[in-house]
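Going by the order they are written in, the chains are A, B and C; count residues from 1 in each one.
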Amino acid sequence: MRPGGQLLLEFRNVHTHYGSLHVLKGVSYEIHEGEIVSLLGGNASGKSTTMKTVLGLVRPTEGTVSFRGEPIHALRTSEIVKRGIAPVPEGRRVFPRMTILENLEMGRYTRRTEPGGDEELERVFSLFPVLRERRHQLAGTMSGGEQQMLAIGRALMTRPALLCMDEPSMGLAPRLVEEVFDIIRAINEQGTTIFVIEQNVNMALSIAHRGYVLQMGEVVLNGTAQELLENPLIQKAYLGGT
Amino acid sequence: MTVRALADRWRGLTVARRRQILAPVLLGVGILFPLVTSNAGNVDAAANAFTYVLLALGLNIVVGFAGLLDLGYAAFFAIGAYGYGIAASGQLRPEWSNLWAPLEWAGQVSRLAMPGQPATVQFHFSFWPMLAVSAIICAIFGMLFGAPTLRLRGDYLAIVTLGFGEIVPVVARNWEGLTNGAQGLGGIRTPKLFGFDFGFSPYPYYFLGLALAAVGVWISIRLQESRVGRAWMAIREDELAAGAMGVNHVHYKLLAFAMGAAVGGLGGTFYVAKLTTATPDMFTFPVSVMVLVMVVLGGLGSIRGVVLAALFVAFLQSVILQDLTQYVHVLGRVVGSPFLQRVELITSLELIFGLILVLMMIFRREGLWPAVRRVSALTREQQAAAPARGAAVKLSWAHPPVAGGSAHPLLQLERLSKQFGGLSAASDINLTVHAGELVSIIGPNGSGKTTLFNLITGLIRPDAGNIRFDGQDIAGRPSHEIVAHGVARTFQNIRLFNNLSVLENLLVGEHVRLEASVLGAIFRPPRVRAEERRAASSALEVLEIFGNRLLPRLDHPVYGLSYANRRRTEIARAIMTRPKLLLLDEPAAGMNPVETLELMDLIKALRDLGITVILIEHKLDVVMDVSDRVVVLDHGVKIAEGAPAQVRSDERVIEAYLGRRRRTA
Amino acid sequence: MSAFDVLFQQVINGLALGMMYALLALGFTMVYGIIELINFSHFSVFMTGTFVGLVVLSLLGVTPGSASLTGVPLVGILVVLFAVTMATTGLLGVLIERICLRPVRHVSGTAPMITTIGIAFILINLVLLTWGPQAQRFPQLLPNWRWTIGGAEVTFKQVVLFAVALILMIGLSHLVRRTTLGKAMRATAQDADAARMMGIDVDRVVVLTFFLGSALAGAGSLFFGLYYGFTGYYIGYTTGLRAFTSAVLGGIGSIPGAVLGGVFIGLTQSLGGQLIGVKWTDVIIFSILIFVMVCRPNGLLGAQTPRRA
């Protein structure tokens, strides 16, 4: 997919607080249609707060978050999701005592009255054959990798414009991580813009077009994936050093 | 002097001084009241009100101090009542045997011989020893009813206590041999003092009630401001953190139930001695709710609040609603409404209770007269004379290691493993930390660092492996025991006792180093007073380490502190336990670079004082600077260990943080 | 009647009773599943339902003195009675949620439960002040037909009420398992934040749950009135504790568990009453409750581990 299209999601000088703790300190990101953008950073850098802010689970104390030019930071989560942003939450958060099919149905909740649900289901099943096989199985009984597939599939059910993924590699064996990232790239090639929050720098930058590096709530580096990979400061941002 | 000036004067006094003034004044009012009022009905109502005060004080211990929602409190009221009732009435008539002879000699029972029938025992136990016996029996039942609830969460605990609260009146209704069933006990003997029989006049009961209520208030205040009270409040605020500071939650929860039940039992004995009857209907669920209403209305944990609320509810019942009803009747005649002329407001008492509960919970959860924030004994001068930053860190109990001495292994982890639902949080970890070292544990998110801390401090049990501290095997022991051995910790997301002040938080840290028990707390012998003074000066000593950050905020409740100060308070609290080993979980999170440097200096200073430190941190540049040794975890496995510089350039470490490079382009 | 016959009779009685407890337990467990709240006021809503039923019936011209009905009039009145009562109690539940419980929903600790105790007291006393403390006779709508099976008797009442309860439960099951709305309810109960991320309006789901649960309580209340022939301001209390035990026994938050638990407690009540004595029933049931809570908090079918400490 050719990146560099229209501006889809924009953070402008966003600050957030957690009680008296200043978490995000004036961060700005731009995500254009068709791109894969990766948000990187160590722990306590503000990555998951970013995701929560996109989804409206955390409200910025300053700054704006816009989607297709319209501010969304004051909207409820259900409104935000309706506009075309779908989340793949950290830790998957599948509904454990519902079947795969039911989970996918929940993914389509905001478009439940519109036709086309069966097509989307087919699309997801072709991306993840294992889900088709196990479609009547309870989600809680699946392995971590399978749950990750389900979480991604669930998010795709509304054919979102923007997919927000929070730490897709967490808790997965390395081989599975590669598989997941291959799938992410495939989804992007089919037209979905993707915002990936990830701790695993190498994996993330191997599929992303651009990236931002967060450290202690501030963006310290940004650029194309290539630029970032070659930048020695990345190591410093993660490990600290002289 | 104007009212405003008087009020200012009052506020300037310390709590101790205020009490010295208030106590005799209130007692004086209490003693004069019956002499001043001409209406014996008022005295009777007031005497009954004292029962309510006792019940409210008792429940306040369980719910207010310890945070255990007891919905069946009337059970203890009942046990205290029936206990005395059975002992002082003709209900039980066991057959005479010589075992009863000593009690007969003591005047507590008589031998009743009717012609043609075997001799039986007639009970007439004296009221005064029965007060104590009642309290003890109720305390035992308190522990019995409390024991099943120990591991339950708040709402389940409440239901179980509700269940017991129901079983007691049902037993009273159905065990007719013991309690005379639904008809209840009658003919309960009234107390006698030096030959004077209390009889049916309200006056002696009034003074007795006043004395009991005063004793109840005194015990409550003493408990609240003691090691026991602080332990209760710590459990109420955060049971997990309380355990991590050495508070044995089983012991203290049972103690709370016991003390609360004992006070309720006193109320029961007093009430029934005055009423001379006891029926099961006097102890049903609405009675438990009424006591709850008193505590909620007054303020959970607020002694003056619950006393005032108890008096209010008592007078609502006996006086206020009656008077209001008269007015409503008059209004009804004026307006011409037959309904208003007939209404009896007393029947809406429970409706009022329901409204109070709902309104208080929605609008004013802390109660109408919440506990007053205690001004500590520090004068303003002492608070201001705090050393500036960079002052030398000294702790009177810490012993810097002898120079040149060999460091012995303090903490040894051997093949330590723990799985959570298939995911390995700790995999065969081996680690030795020597006395006096400063070791840092680093690793990406989810690598098992906090799990390691939780294993060492007893929050979770290992699946396999050993943990040895100072030669002792501590794996799987409860956290409060481990604290006593000398291991203390802080938490990644800060677990302070939010509604307690900075000083109170610290004093909980001192819990294991103090010894006062319940009796010590109540009576405050010199040993206990000395202990408390030492604890306070320990706290000041520790606070001084943080310069002028925390000292000016000694009495502030910690929920109002800045994030950095909350972190500092948590560290200070851990230091109060006088640890040999201090585990700090991301202590610098949320601090700016300057604050972080300050903190690292402090940690180094603690190490220099002989405290061994293990640090979990993410700011690796910071860790590199202070650590003797760095250990790296990834996915529960130790992947590197060594000097900071060496670890930092280790390929495996870099890969763990940044992720493995893709094998396919 | 032989001993077996007596037992069989009690089993029949117990099953019928059990359906009433199940209806009541269902509403309670649904609310708990969604917001982890022990809603004491649920059982007062149940009690209020019987009085609503009385009012509805009197508006329809049926009084405690009226003769029982058969055929079309009976069916018609039953439908109207159930529909109106259930709608009213459902609305009452929604009112309670919106006015009293939403403000304390996010408060940790026991404040929410204390609020529900307060609401229960308010309801009970409003009813008490309006109708007085005496028991009220409930119209004997259903004719007193009986059939014998083996050595035991089954009454028409039991059959009708059993059937109605079954229909309602099947309806609920269909709603929860097959409709999108029902699935949204289950999703919210399992992970409210993830449900939000799916675009589910959690607040609306909570309101709907309260409505359904309270409506079921209304059905259970009519069951009580029609079965026992009387009601009073105090019935929420004992019946409530039994329904509560049913919910906990079956596994709090589990819908099939509530049904299972209800039947179990119903059987316990009738068999226990027969074998040990009616006056000890409360103690037996409370003991079961305490035992389950302490030793097996998940109950028989519950998968939801009580999280909030």
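Quick notes
Following the convention adopted for this analysis, a contact is a pair of C-beta atoms (placed from the backbone, for glycine too) under 8 Å apart; a residue touches a chain by one contact, two chains touch by 3 or more.
Keep in mind that this is a model prediction, so the values were computed, not measured.
Ranked by number of C-beta pairs in contact, the top chain pair is B-C.
When you average the Cα atoms of each chain and compare centres, the chain farthest from subunit C turns out to be A. Taking each chain's centre as the average of its CA atoms, subunit A and subunit B sit 45 Å apart.
Centroids built from CA atoms put subunit C at 37 Å from subunit B. The touching residues of subunit A, when paired with subunit C in their complex, are 55, 57, 76-78, 81-82, 87, 89, 93-98, 102, 105-107, 109-110, 112, 154.
Across the interface of their complex, subunit B is touched by residues 37-38, 100, 103-104, 107, 109-115, 117-126, 128-129, 237, 241, 244, 248, 279-280, 282-283, 286-287, 289-290, 293-294, 297, 306, 308-309 of subunit C.
Listing the residues of subunit C that touch subunit A in their complex gives 180, 183-184, 186-187, 190-191, 193-201, 303. The residues of subunit B lying in touch with subunit A in their complex are 423, 444-446, 562-563, 586, 589-590, 618-624, 648, 653-654, 657-665.
Listed in rising order, the residues of subunit A touching subunit B in the complex are 19-21, 42-44, 144, 167, 169-171, 174, 178, 199-204, 206, 234-235, 238-242.
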